[in-house]
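Some structures are shown below for you to check.
What follows is chain A paired twice: with chain B in the first complex and chain C in the second.
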Partner chain A sequence: MKDTVGRKLRLLWLQSITCNGNTHSFLNHPELFSLLSHFDLVHHPVLESGYSMEELTDKKIPCDILILEGSFIEEGFTKNGVEVSSLVAHYAQRAEYIVSAGTCATFGGIFKQKDPEKISGFCFDGEERTERYEHYAQKLISLPGCPIHPRWLSYVLLMIASGKKVALDSLHRPVELYGYTVHSGCTRNEYFEWKIDAKQFGLKEGCLFYEQGCQGPYTRGSCNKILWNDITSKTRVGTPCFGCTEPEFPKVGLFSTRTNMGIPATMPLGIPRRAYLTLTGVVKSFKIKRFSERLLEYDK
Partner chain B sequence: MKMKEKKALKRESIIQTALQLFSANGFHKTTIPDIAAKLHMSVGNLYNYFSSKDILAQEIIKYTSEVLGEKIRVVNTMDISAKEKIYKIVEIYFRMAKDKPEMIEYFLRVYLSNREVFNDGCEGMVCVSGFITEIMIFFDDAVASGELRNQDFFSAFGLFMGYLGGMVFLKGEGVLPKGIEYYIDDISRNIYNALKN
Partner chain C sequence: MKRKVIKKLIEKIEGEAELNYTFDKGKIEDVKINFGFYRGIEDILVGKSPKDALVITPRVCGICNHAHLIAAVRAIENGYGSAGLKIELTGKAKQIREFTLSCELMQNHIKWLYLTMLPHLEKYLKLDVTGNHAVKAAYFSTTITKAMAVFAGQWPHSSYAVPGGVTCDPTQLDLMQAHSLLEECIRFFEQVVAGIPLETYLEITSVSSLHTIGGDFGNLLHLLDKSGLAPRGGSHDRFIVFADSFLAASGKSIVTSVSPVDARYVEESEQQGSVAKAVTYKNRLYEAGPLARGMVSKEPIVKNLHKRYKDALITRIFARIHEIGRLLEANRNLLSRIRIDEASCVLEEDMKLYEFEGTGAVEAARGSLIHRTTVVDGRISSYEIITPTQWNLSHGNEQEKGVAVKAMVGSGTEEEADFIFRAFDVCSVCTAQ
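And now, the complex of A and B:
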């Protein structure tokens, strides 16, 4: 867990245009302080750390791992009177690893909506590479999510601290975390297979893909594999997946499925439409009694 | 020719012969010995290909659905407007009704009229998915491009295919004053006008 000269890796958490969502999510990590004990936390926006905000903006802090939170604009967003873009350029140059934590830092996310031409993620603007990409691609790890799951970040940090290589996809997302879709592991999968929609939000029965807007089948993420608060996920409790890890997040109309004559406008990831519709026509021809019943009868 | 290919050809010839006999004489009046006799093969050998008359009837509906689906699939891949696609689909359907009437007659007079034969194995859309899938793709594209109005699949499907089926049924009854092809133009226009945005 130490670098070649025997000291802990220095961790700097730098915020740009953000709602603090990833910072707060990370505080929910059940082993937060045990995890942080492996690092030298040189600066963090809300946790006690070695260096102050003033020292941060004076560009005096050494760092090995730079965690970025929030979306970016070249001019007009300052900390302590200093353009954040210049701070990022300074620290990103010196860090060995750059982790973009959250969809804003990775692709632009929610804050990009304010000024889509000027605001972007650190190395990506949606799926397009920004000018920074060439400079930093070698050390970049993307962790999109709104917010990220705290264990996604701890996975990356512990891999780095252990000197292990994190396998990444073309958008620099760890494949261990984003190789799956949110649909993988959803407790509603039987209802998806048999094309039975949920009759209303919050029910345990039915799939949310057909009417309630669930984007789980075409959104990359481990929400149903690494559960939230170690307990559950949005889709398990009856709320549709909003596709928050995707480059085009946020979309509109999150609680209803866009359909063309009843056919979902977006197919599950990588599934040809003809294959999907053939399967749909077949399974919809059968009525499975078990799936028309409540899972739990509370009145009995 | 390999044995496997020979068997596949034989299988298709049984399907085509049975299709003609079922369409012309009805499902119940056509027997397995009738089909075997027309093919100059033994009844026992025919059973090697299809274990019962019901199974044969189910394979025929799958076959006709695939043939029709393949033709519509070609239309779906064309870079033309939804209006033109409607024309082409109507044309395919009516030309088939004229040139190979048994294909459509089978659907109307055997498949829809003898549901008990198809209840176990051809539930709902199971045996007609080759055709239904292509119609779904046509509608999906046409709504996505803004040409047709977004609505429930079945309200649009019923209007389109119910209309075509009804016309072919009237043709089969011999009550249409003109040949079926005469109606392609007007019916395509009616369908487009009913479904357009």
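And now, the complex of A and C:
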């Protein structure tokens, strides 16, 4: 272990194949600068930082926490003439913690689909471990999400800064963030319980799980607990969850639910099909008047 | 002095770019611009469901993702229309889309002002850094994207615009929340950015009254003037706008005469040694972006600046920041017009068309963004994305140099050229999608 007593931890943000979405999502953190004051920001793609890109590619920067953004390719992507993979390897070796920020860095994400054989996440390729996994597993924290929520990252950074251990699941995701499903806390939960589907987009009423492709009930994430932009979430504004935190993101046909004999093909997380069918049979035998009406009645 | 080539890595734009400056007799004679990694979003879309583009294409770009969403949904709606299914959006859906798109533009412009222009100008002029610009960028952009999230669910990477309208069904409470966040941004603009009331700011039409602008914007104009940079960075003085918006109707402007455009004449071509494709309109290069919108719409103060400085740095920079003021005012009006009892989405859920071709254009922060989708057997068979920065940052063709390249040619130092380059609000991820 490096001696980090009495000094701030050095934070290095390194981009690979990315859209910069995680960078910009993180800039939306309302307490960004007080958060960053706990660290020594040695390099960042947008914010002023201690070292330049040239010093980065010269492999001259010290680093305690490496934040990786973007999917990974072994060969063919250079910055300043240096393979990004060799930069990542160099700093990953030296860092005490590696945070893969976003689904691309964690599992491969959208950009993996361009060349699935060669492009992957840093330590995972979808759900499979890459050959790098063993080497870095001990210091790896996965934060999938397309993009990450700024508060997911600040939670991890502040836990590290205060010397606390972040509890992780088998894919190295913090359990406090990914133990929930996106469905938990959705304002449409009543409609889910009573199996009332949304009749079309643009309505407050109805659950999006049955027709519109919502993956909230089987997607891990805190989107309806730690709200987006501190105010809302996709499902709260009537957009289905697309499963963007999951290893297989993005699937095909994102706005429609795949069904088997009229029942969603993928069950809510951990729910046996038989249990789901039994409950559905019961609730569907009742017609609840309130759910056939508009949620809010305005005076005409 | 001998001819020499200097290679420079430009960072802290959206991604990075490598510029190779060719100097001859102490002046820049040519510049080669190279971008990073080609990610192939267009190829990734092939074989997917048409609406998947609403989720995939925002991931082209972390800073202008919402513009991609709007271009993608317009391409599908245009395709439905040409296949016989005409869609008439409700006023509410149109107003909400316009509002969220405008919020993203402002987020973009303010980050460019505070994270790119001011810090680099101070660095270039070797001035002491005045305060923490990044705090200002983050405060405004966090607030304005929160206002858009009221409708869009999140920023970045919302997919709330769907064929026929929007997925949200806002209440008066939501409208009030968006309104109060917008008012907070107006207050910020008045007290910090321009130093004068928005209303007073928007009344400025003459170059001689520009000195009444205070705040950071006033400081920027002052520094540009004092340093002699203001008249530098001129280019072809030809402008193009493809999408109608509050800011400008579509059209092109050459020597201040404006004429219509048709996206069918836009042509993309591969560029040797670059992952970015070049784009031309009837074989000519045009500048896209806020300056183009200002010229095509004949915005009085932009036109008057242009009369004095042509398409120089000062005009280009002013036009971008000016849009923040105009959009704040426009968004106020949009919010007050939204009627929550209108339908959010006019299309039935199970509306499916299996063969169509559609084009969608939108005015993004950096200029016109065009999506073209071709659907066969219910799947995307080809998808084309033409981004604003492809207009501005191509190398050019045999007849003439690219827009940004021409603007840099003649500079005496690579530091000056670097600043001229950044004034285009460079986005490397969009250019090399």
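Keep in mind that, in the parts below, the second predicted complex is superposed on the first by the 293 of 300 C-alpha atoms of A that agree within 3 Å, B and C clash if a C-alpha of one lies under 4 Å from a C-alpha of the other, contacts with A are read in each partner's own complex, and residues count from 1 in each chain.
As a working rule, contacts are C-beta pairs under 8 Å (C-beta built on N, C-alpha and C of every residue); 3 or more make two chains touch, one makes a residue touch a chain.
Everything quoted here is computed from the prediction, not taken from an experiment.
If you put the two complexes together on chain A, you find that chain B and chain C both fit without a clash. Of the two partner chains, neither chain B nor chain C is touched by A:L158.
Of the two partner chains, chain C is the only one that A:M53 touches; chain B does not reach it. Within the superposed three-chain arrangement, the count of touched residues of chain A is higher for C, of the candidates chain B and chain C.
Of the two partner chains, chain B is the only one touched by A:F286; chain C is not. When the shared chain is aligned, chain B comes close enough to touch A:T278, but chain C does not. Of the two partner chains, chain B is the only one touched by A:N260; chain C is not. Once the two complexes are overlaid on the shared chain, A:V252 sits against chain C while remaining clear of chain B.
Taking the C-alpha centre of chain A as the vertex, the lines to the centres of chain B and chain C open to an angle of 120 degrees, rounded to the nearest 10. Of the two partner chains placed around the shared chain by superposition, chain C is the only one that A:P147 touches, whereas chain B remains out of contact.
When the two structures are aligned on their common chain, the gap between the nearest CA atoms of chain B and chain C comes to 14 Å.
Applying the stated touch rule to the two superposed structures, the chain B and chain C interfaces on chain A have no residue in common. Those residues of chain B whose C-beta lies close enough to touch chain A in the complex are 123-126, 129-130, 132-133, 136-137, 139-144, 148, 150-154, 156. Listed in rising order, the residues of chain A touching chain C in the complex are 15, 17-25, 27-30, 32-33, 45-48, 52-54, 57, 73, 76-77, 79-80, 110-111, 113-115, 146-147, 198-204, 211-212, 228-239, 242, 244, 250, 252-256, 296, 298.
Only residues 259-263, 265, 273-274, 277-278, 281-282, 284-286 of chain A touch chain B when the two sit together in their complex.
Listed in rising order, the residues of chain C touching chain A in the complex are 9, 11-12, 14-16, 18, 36-37, 39-41, 43-44, 47-49, 51-52, 54-56, 59-63, 65, 93, 111, 115, 119, 132, 134-135, 137-138, 141-142, 145-146, 149-160, 162, 164-169, 171, 177, 341, 343-345, 347-349, 429.
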